[in-house]
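Some structures to go through are shown next.
One chain, chain A, appears in both complexes that follow, with chain B as partner in the first and chain C in the second.
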Partner chain A sequence: MKNSIRQIWAVAKVAARSNLAYIGEVASRTFFLAVILFIFLKLWQATYRESASSVLGGLTLKQMLWYLTVTEAIYMSAPRLAQQIDEDVRSGALAVRLLKPISYPLYCLSSALGERIVRFLANFATGAAVTFCLVGPFDCSPAAPLMLLVTVLLAFVLDGLGHLIIGLWAFWLEDTSGLLLIYTRLSMILGGMLIPMELFPDWLKSFVLFLPFPYLVWGPAHLFVHSNWLQFAQLLGCQFLYILLLLAIVKVIYGWALERISAHGG
Partner chain B sequence: MWFSKILSYLRLARAYIKLNWSMQMEYRGAFLSQALAMFLNNGTWLAFWLLFFNRFPVIKGWEQSDVVTLWAISAAGFGLGNAFCWNLHNLAAMISRGELDVWMLYPRALLPHLALGKMSATAIGDLAFGYFIYIVMVRPDLHHFLLFNALVVAVALVFIGFNLWRGSLAFYFGQAEVLSEQWFFAMITFSTYPNCLFDGWLKVVLYTLIPAGLVSGLPVEALRDFDIGAAAFTWLGALFVLASGAASFELGLRRYQSGNLLGMRS
Partner chain C sequence: MNAVETDNLRKVFEIKKGLLGRDSKTVVAVEAISLTVPAGQSVAFIGPNGAGKSTTIKMLTGILKPSSGTASVLGLDPWKQRSKLVRQIGAVFGQRSQLWLHLPPSDSFDLLAEIYGIPKNDYRKRKALLVERFDLGRFLSTPVRKLSLGERMRAEIAASLLHRPQLLLLDEPTIGVDVIARQNLRDLVCQWNREEGVTVFLTSHDTGDIESVADRVVVINHGRIVLDDSLSSVSENTLIEGKPAGLEEIIAHLFSGATNLSMQNCISPS
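After this line comes the complex of A and B, so read on.
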């Protein structure tokens, strides 16, 4: 266990460092993030005005914008994990990766984690600056940044496991991009990236709570604008539960996949 | 003289479309999966808007049917413009890399060859999506459907002209890929949100620098109120964007420097 954590840390650190070298690419997205947040401001300003209400789904306009800043930062930080596995399987690069003294899924997950943390921090810093200029600060609890950091980290592990499951299907499918698209779009809509779950119809809300998607996006973002220790504990519980479930699925699929590998020297 | 010239270019367009279509059909599975993926992607955004308007039925006079019309016209117009002129989507990169050389060897003008040289399966998915949701969700009468067709062509011309605008930047600035991409993202984003959200100086920008008003503004008004005047203005705007795009390409072409790149089209 201790050894695995050390391995995860080492791979994540290398991935984070190599991403820091490409910080210019991250900065080039600033404009897009600013446009999106500006449009969200206009959309929700109009919605609050027409609803003649200062609170919608338990959020004020300021909180809504900060909520959307977090969801965008999470969504836009997604690494190319499933595509990478797909390429490794298709090109045969997997045979080389298997020689490393770390299990392949653990390597992929750690690398994606390191990459994603850097991207998230850069996106969040940019988004926060834009949102601050647009609507100003909101009444943030001192515990909110810590809660955000912990839950976002677990959300990244959970999302990474989802990507791993999809990427590993490359052993059986011709192309996993369709599966990946379905997964990312489901996490976008059902995860509450564009609209908080409180504003979903009741039937959808009660259904979505049984899926892992809200714990990827909605949970951390909502906790940031509505910090609450009880909800924090509940979210951690749900995230851990889904991480264990997805870990078991990854283990089974990877076991099946290993049986299909045949590598030749050369 | 002019008539025979136009006929000659129409024959060229038909030949390219036929050739590109048969190339796509060689990889039928990949073509269908890409088109389907785009269909699904657009469906997710539409699902967001359906959820949104389910909760807030009217925003600044816009209702659910208006936003469905917006997505129908923008997806179909974007699809039509890019399905058959996909090279223009990557024009800035092609110019920066000196890849126009190979297209200069053909008889007739360069631009039609270059524009029609590549087809996009995902854009065909957009085109199909636009028509599908308009017919199934809006259920237009014959007059509205005919007007929809005319506006789809106009919006396609807007996208072709806009691609020429942003792609031609590379003639003047050299490396303009990032700028071109950001401009494209801004256009797409503003084209897929209700135009009523924006006013003041931004409205001016949306009918000039980022001509998204010709996609998400005038055409939707024309279809909602069966306003022939708004449709005529859309067409005028589209012709202006196309003509100015072609002019900026032809002017920029004089500054083009060959990359001495060996290329072969098979």
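After this line comes the complex of A and C, so read on.
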């Protein structure tokens, strides 16, 4: 266990450092984020004006913009984990990875985490600066940044496992881009990236809460604008539960994948 | 002690056909490989594309489970003790890198040290030794993407030796590398084989690699061993149609599909 944690930390650290080499890509993403946030401001300004209300789904316009800053920073930091597994399987690079004394899924997940943390921090810093200029400072509770940090980290682990499950299907499908598209769109819509879950119809909201998507995006962002220790504990519980569930699924699918290589060739 | 021992190793793949994979056919990738490699030997394991080289190597490293036959690598069962075995194997693939492209080799070395769990003091000494021997000092802090192929391959081989492997797998280690750098890589592998007694298992289509590095040549075709002899014996005593032949000519002849039995008509190992 101690050895695995050391390996996760080492791989994540190298991946984070490597990602800083893609400074052009990071810069273009953050520029795109600034444009998106400006468009959101205009859209939500019009929505608040039309509804003649200063609060929608429990959020003021300023809170809405800060909520969207967090959701966009999370969503746009998604790593190329599933695509990487696709490439490893198709190119045969998988054989090289399997010769190292670290579990392949653990290696992929650690690398994705390192990469994602760098991207998230760059996105959030830019997003916060833009949102600050557009709607002014957000008066968050002192605990909010801590809650955000912890829940975002767990959201990244959870999302990483989701990407891993999609990527592992490459052993059967060879190209998982279709599955990945469905997964990312579901996490975008049902995860509350564009619209907070408070604005979903009640039936949809109660259904979505049984899925992992809200705990990837909506949970951490909502907690940032509405810090609450009880909700923090509930979110952590749901995230841990889904992480355990997805870990079990990864273990089963990876076992099948290795069996498949052995039976049908790499 | 033998580094590798296999007895009638066989691998059959079931290839699914059709949309739902209901139809399938079986393909024999490795027919029967029986091989004993003493520790410290350098073996060139060669064959044409599709001969079963990669499948054999994947079975020896525990990635694939054989359909029948047995194997022992460094005294371990590759399928049951894979995680223990990979700690004692170093691998260099000429067309795949284990180094992080955007980072200097030094960072990849640090990561490998963590992955293999090398104690810090041992790692420092080992790294210093490899840097000196492989002359990596000049570019140890340069991102891998900026290195020449020769420099990159030197760093790759050094990386694969960090954890003191007992078995070094080299798959086309000199592919695309210029003549001088190629000879340099071969010399370094030979040096390490002599000094640390690491067993070298080389696959290459370059006869220069084989002649420089290997003590022994094993040629496989259609999943079977068609030639297994010491390099000196193959080079000195083999005749094709009564005439002495170079290694390249002999290998080409074997690759052309001749079986061991019919080989005796055209190639006469004396």
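Quick note on the criterion: the second predicted complex is superposed on the first by the 259 of 266 C-alpha atoms of A that agree within 3 Å, B and C clash if a C-alpha of one lies under 4 Å from a C-alpha of the other, contacts with A are read in each partner's own complex, and residues count from 1 in each chain.
The definition used in the following text is that a contact is a pair of C-beta atoms (placed from the backbone, for glycine too) under 8 Å apart; a residue touches a chain by one contact, two chains touch by 3 or more.
The structure displayed is predicted, hence computed values, not measured ones.
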Based on the shared chain A superposition, would you classify chain B and chain C as clashing or fitting together? fit
Considering only the touch criterion stated at the top, classify A:244 as touching first (chain B), second (chain C), both, or neither. neither
For A:50, is the partner it touches chain B (first), chain C (second), both, or none of the two (neither)? first
Look at A:252 in the shared chain and tell me whether it touches chain B only, chain C only, both, or neither; answer first, second, both or neither. neither
Regarding the shared-chain residue A:146, is it in contact with chain B (first), chain C (second), both, or neither? neither
Figure out whether A:125 sits in contact with chain B (first) or chain C (second), or with both, or with neither. neither
Once the shared chain is lined up, is A:194 touching chain B (first), chain C (second), both, or neither of them? first
Superposition-derived angle with apex at the Cα centre of chain A and sides reaching chain B and chain C, degrees in steps of 10: 90
Can you work out, in whole Å, how close the C-alpha atoms of chain B and chain C get once everything is superposed? 11
The chain A residues in contact with chain C across the complex are 3, 6-7, 9-11, 14, 17-18, 21-22, 91-93, 95-96, 98-102, 261-266
Using the touch definition up top, name the residues of chain A that touch chain B in the complex. 28, 31-32, 35-36, 39, 42-43, 46-47, 50-51, 174-175, 177-178, 181-182, 185, 188-189, 194-195, 199-201, 204
In the complex, chain B touches chain A at residues 29-30, 33, 36-37, 40-41, 43-44, 47-48, 51-52, 54-56, 58-60, 178, 182, 185-186, 189-190, 193-194, 196-198
So in the complex, which bits of chain C are touching chain A? 13-16, 27, 29, 54-55, 58, 61, 63-65, 83, 86-87, 89, 91, 93, 96, 98, 100-103, 107-108, 110-111, 114-117, 143, 169
